[in-house]
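Presented below are the structures under discussion, each in the form of structure tokens.
What follows is subunit A paired twice: with subunit B in the first complex and subunit C in the second.
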Partner chain A sequence: MAATLAEHRARQRRAAALYWALALLATAFFFFPVFWMFASAFKSDAVSSTYPPVFLFAPSLENFAHLFTEAGAGRALWNSFFIVTLSTLLAMIAGTMAAYALARFDLRGKNTLALEILSIRMLPPIVSVIPLFMIARWLGVFDTPWLLIAVYTLTGLPFVVWIMRVFIQDIPQSVEEAAMIDGCGRIEAFWRVTLPLLLPGLAATMVIVFMFAWNEFLLASLLTSSEAKTLPVIAANAIKPKAIAFGLACAAGVVMSVPVIVLVLMMQKYLVQGLTLGAVKG
Partner chain B sequence: MSVQIINVEKAFGSHRVVRGVSVDIADGEFFVMLGPSGCGKTTTLRMVAGLELPTSGEIRIQGRNVTYEEPRHRDIAMAFQDYGLYPHLSVRGNIEFPLKVRREDPATRMRKVEEVAEKMGIHHLLDRKPGQISGGQRQRVSLARALVRNPKVFLMDEPLSNLDAKLRAVMRTEIKKLVTELGITTIYVTHDQVEAMSMADRIAVMKDGDMVQVASPLEMYERPRTRFVAEFIGSPAMNLLPARPGSGGRLTCEIPVLAELLPEAELALNPAALAGGAGFVGIRPEHLSIAETPEKGDFVALVDLVEPLGQTTNVHLRAGGETRIIAVVDRTRAQPGDTVGISVRSDSLRLVAA
Partner chain C sequence: MAGASVARAAQGATRAQRAGERWAPWILLAPTLVIMNVVGVYPLLHSLWVSFTGYKPSDPNAHQGWVGLKNYAEAMTDGQFWHAVLLTGAFTFASVALSLVLAVLMAILFNRPLPGFVLMRSVILIPMLITPIAVGLIWRIMMMPELGVLNYLLGFVGLGPFQWGSSRTTALVSVILVDVWQWTPFMFIIIFAGLKSLPRSPFESAQIDGASAWQTFWQVTVPMLRPVIIIAVLLRMIDALRTYDTIYIITRGGPDFATDVISIYLQRVNFRFFDLGYGSALSWITMILILIVVLIFVNLTGFLRTVNEKEAR
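== the complex of A and B ==
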């Protein structure tokens, strides 16, 4: 018996090693572009155009310098921060309140209402560009952060409403009712009881809405000209009519991805909870 | 009067869930609303709590009209079927919550929480989260949270139905003892007739949004007014034999002896019983006695099945053709297929409405 047990163990180890190798391979496959981006960002133009590519090189900050001095990335970074943070917050606040109403109150035709909200999302953004452009010109907000804030809030809103509605429905109504009987009004019950329970869902939703707005290019490129340009627009400027400045593009990519990575790491604890919540009922 | 429910109706759309319920509940009374699911008992309770608003009618607590008041202004406490504990707060945080919301000072809060936790036997759990304790302990926490602020009225919505049978029996006694001791007016909703019978000062049996009978547990058991109540309360249920007025004002029944034995006074006690043209003669299974050889005045029945339960024995019988009845006796030597004599005392016969 001892021999077969040893055999069994050996077989298990071999299988584990195989899975491990496959997992590494898959990770390498998906991580390579990220690695390439980071590496290219620190290569000077002379190094990045060599073939075969080199993996050992003296890192240079040339691309970053160019990005912030000549390409106007500093201004764009600030614009991106301001626009995306504010629109994410607005979408989260308004969206969560709407989701609460849809989840908790007996509203006539609330499913139609919810579908109506989602329909904004069904519209391809390109379709709305020309009307948005005209309205913006008329209101005098073209090429200001406010236009993009409004647009990103609107596009984020349906997503927040639909996701948060599910999270709110997952919280038993009796918990809120208990709070109301214990002396809270509806708003206080929401604040003291529902909101703390929603944190994982809020964090997960917020990260997704933030990322969507942060990476948005199409509307940002068409609804700004100089003042309100965001980072994706600057990054796209690296593609010139005659050549692509890979180093510059990658440097912009690095600058863009760092805040998202930081945000995800900060929210990691909640994210895992939020993304798996509802999968298994506690 | 502690709680008055006056002609309260509730409709969801065109569906009337509660149809004009009226009842006065006295100070310190333990009032149970009993009925099958969908009978409107929980909706009625939620209207008293302020979690639903009545379509019409009035609710008064301590004489004050609170029909449209928010729950927090009614001075009530409530225990929920799924406990309704706050999962993100510790047991201490849960019990403290109503005091905190009412901005009592920390020292008083601390003292009251300790006191009530001691009383409920959950002192050792104060620092745990609701997710880390058992169902029975959770229900204790929810009771503690309700009791900590000394409410005037305590509402309970099937608080024991998520517990196992043994624990349910224990909690039943504890709750009854506790609220009687504290003298809190309690409205308790359940579909379990044993809970209702053992705990209530008064029971309201509900059906299709109506209170069909409101009475003390024993009266409800002794004198059910309608077939629904007769069958809902008591296990095995009351034997009901269709009866209708015959010629000369006497009742006729499938087992003629029973109609003959029924005291005249019964009709006066439940005058509505024959309103629809027909009613039932009812008799509790334990009021039938079995004799192996029929005597004078007995009626004859065929034994179908004998179920010995230990304490008592259920004997399933057929009499007067195909009428099935059940007798509950201590012990019997009767076997399926035997013909036995059944005797009845006339004062245990009832007239019950259809």
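== the complex of A and C ==
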């Protein structure tokens, strides 16, 4: 009896060790390229072009200096920040208003409308880029931040409308009605009662919308030429006709990725619900 | 008298409120509808119109006006385009299938209360957060045949050296690998969340009935996870069909068109040749093809669900 118990324990420990090893292997696979990007960003040119690759080296900030001087990343960083922040805010405001209407009012055809908004999520950007390009030329907004702000507000909307609709539906309507009986108007009831309860959901949605706009490349590269270039467009320039500027590419990757990694890991609780547009609870 | 005016004011307020209630949803929806129609629908309709013209700013001698269905007829026999369609299909199927299998296995693995698993789960999320352009750059650097760290590391286990994106035979597999790397975490956290929210009791009864792990997986876990898996696959499929950034960086559609997916081909037609009339027609065909694929998927999965329910009865 005691022997079998000990055997059972040993088997369990072996199984745990196996699972642990598999998990470590998976983590290594997904983490190694990230590590390599960060490591290469801090390698000087002399270190990064040696073979075999070097794992231990004296870190250097030369790539970042290069990125912000010659490659013009300072301007692009500001463009990215301005365009993405403004479009995220616009999408949040417009989308939350629409989500409230869809969640709280009886409207004929509101499910069709919600599906139409969702279909924006399906649209391949390469399809709408040609007409946008032509219209922007005519209106004289080509290569200005305003064009990208309008486009990213649009692409953010399906996320905001669908996620916020679920979050608003999760708050019982009776809470708002109680405030309205107490003499608040609907707007005041929303502002005082519903909005505070929505804040975590709003923050999580904002992070997701921010991430998708911040990482977007195709529209940014085809709808700008010099003035309104965003960070991904500058980063793609690290590929020269003959070779790749390793250090520059990785430094740009680090500058682009760190804000999103920090924001999302802070908001992990609602990440699944956000990514699935409210369909799966995390 | 004061009371009467208050009562009248109150009456006025409710009337105004009622009228407000009727219009309120539309006022709330207005900004979204305006943005959707101006930035979304109008450009699409415009592109539909352009697709029936020969508009090509790069070639002033070409007939720029109405050409009817000529562009669509041309697209039907455009071998390059249909090659891109098939390639996109293969890329999407391989990438989604592989990341689904990996994600399910990982979700089951990480659903154990072992030390360090919470941290590892967070670390595994990182690839999906990294800007796709940066993902393309880092993998292109790691995949360099002579200098790359990938061939160096694989050398230790006796594999390679591979040519990765520089060879016709391995280029497609390479970009699929990168896509799987970046987006498996996306599938993983969704499926993991689904797995965690499942009730315990069906698993307990399966254990009592003496089901093997294999049987439990196929007969309890998979059916209960179905709705979550369908959502994850649908979202992943939509994104894989329009993959552009990583392929643009790693192979630019080459070598010899081995990774020339639809979005890369469309970019070339529109922005290198400025053949906007023809490019718009191809865009519309692409959109219709994607719609068909999504509808087939939705119907197929819905169809399977009804079959399962009938079987259960």
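We adopt the following convention: the second predicted complex is superposed on the first by the 236 of 282 C-alpha atoms of A that agree within 3 Å, B and C clash if a C-alpha of one lies under 4 Å from a C-alpha of the other, contacts with A are read in each partner's own complex, and residues count from 1 in each chain.
The rule is simple: contacts are C-beta pairs under 8 Å (C-beta built on N, C-alpha and C of every residue); 3 or more make two chains touch, one makes a residue touch a chain.
Because the structure is a prediction, the values reported are computed rather than measured.
K.L.:
Once the structures are superposed on A, label A:Gly95 by its partner contacts, choosing first (subunit B), second (subunit C), both or neither.
P.N.:
Only subunit C is touched by A:Gly95; subunit B is not.
K.L.:
Should A:Gly185 be classified as contacting the first partner (subunit B), the second (subunit C), both, or neither?
P.N.:
both
K.L.:
Can A:Leu197 be said to touch subunit B (first), subunit C (second), both, or neither?
P.N.:
First partner only, subunit B.
K.L.:
Count the residues of subunit A touched by subunit B and by subunit C, then name the partner with the higher count.
P.N.:
Between subunit B and subunit C, C touches the greater number of residues in subunit A.
K.L.:
Which partner does A:Ile83 contact after superposing on A: first (subunit B), second (subunit C), both, neither?
P.N.:
neither
K.L.:
For A:Val175, select first, second, both or neither according to whether it touches subunit B, subunit C, the two together, or no partner.
P.N.:
First partner only, subunit B.
K.L.:
Go through subunit A and flag every residue that touches subunit B in one model and subunit C in the other.
P.N.:
Looking at subunit A, the two contact sets intersect at 185, 282.
K.L.:
For subunit A, which residues count as touching subunit B in their complex?
P.N.:
Touch list, subunit A to subunit B: 172, 174-175, 177-185, 188, 192-193, 196-197, 282.
K.L.:
How about subunit B: which of its residues touch subunit A in the complex?
P.N.:
Counting only subunit B, the residues touching subunit A are 49-51, 70-72, 76-78, 80-88, 97-98, 101-102, 131, 142, 145, 149.
K.L.:
Spell out the part of subunit C that touches subunit A in their complex, as residue ranges.
P.N.:
It comes out as residues 17, 20-21, 24-26, 28-29, 31-33, 35-36, 38-40, 42-44, 46-47, 50, 106, 109-110, 112, 114, 116-117, 120, 122-127, 129-135, 137-142, 146-147, 149, 152, 181, 184-186, 189-190, 193-194, 197, 228, 231-232, 235, 238, 241-242, 244-245, 248-249, 262-263, 266-267, 270-271, 276, 279-280, 283-284, 286-287, 290-291, 294.
K.L.:
Spell out the part of subunit A that touches subunit C in their complex, as residue ranges.
P.N.:
For this pair, the touching residues of subunit A are 16, 19-20, 22-24, 26-27, 29-31, 33-34, 36-37, 40, 49, 51-53, 90, 93-95, 97-98, 100-102, 104-105, 107, 113, 116-117, 120-132, 134-135, 150-151, 153-154, 157, 161, 185-186, 211, 214-215, 217-218, 222, 231-232, 235-236, 238-239, 244, 246, 249-250, 252-253, 256-257, 260-261, 264-265, 268, 271-272, 275-276, 279-282.
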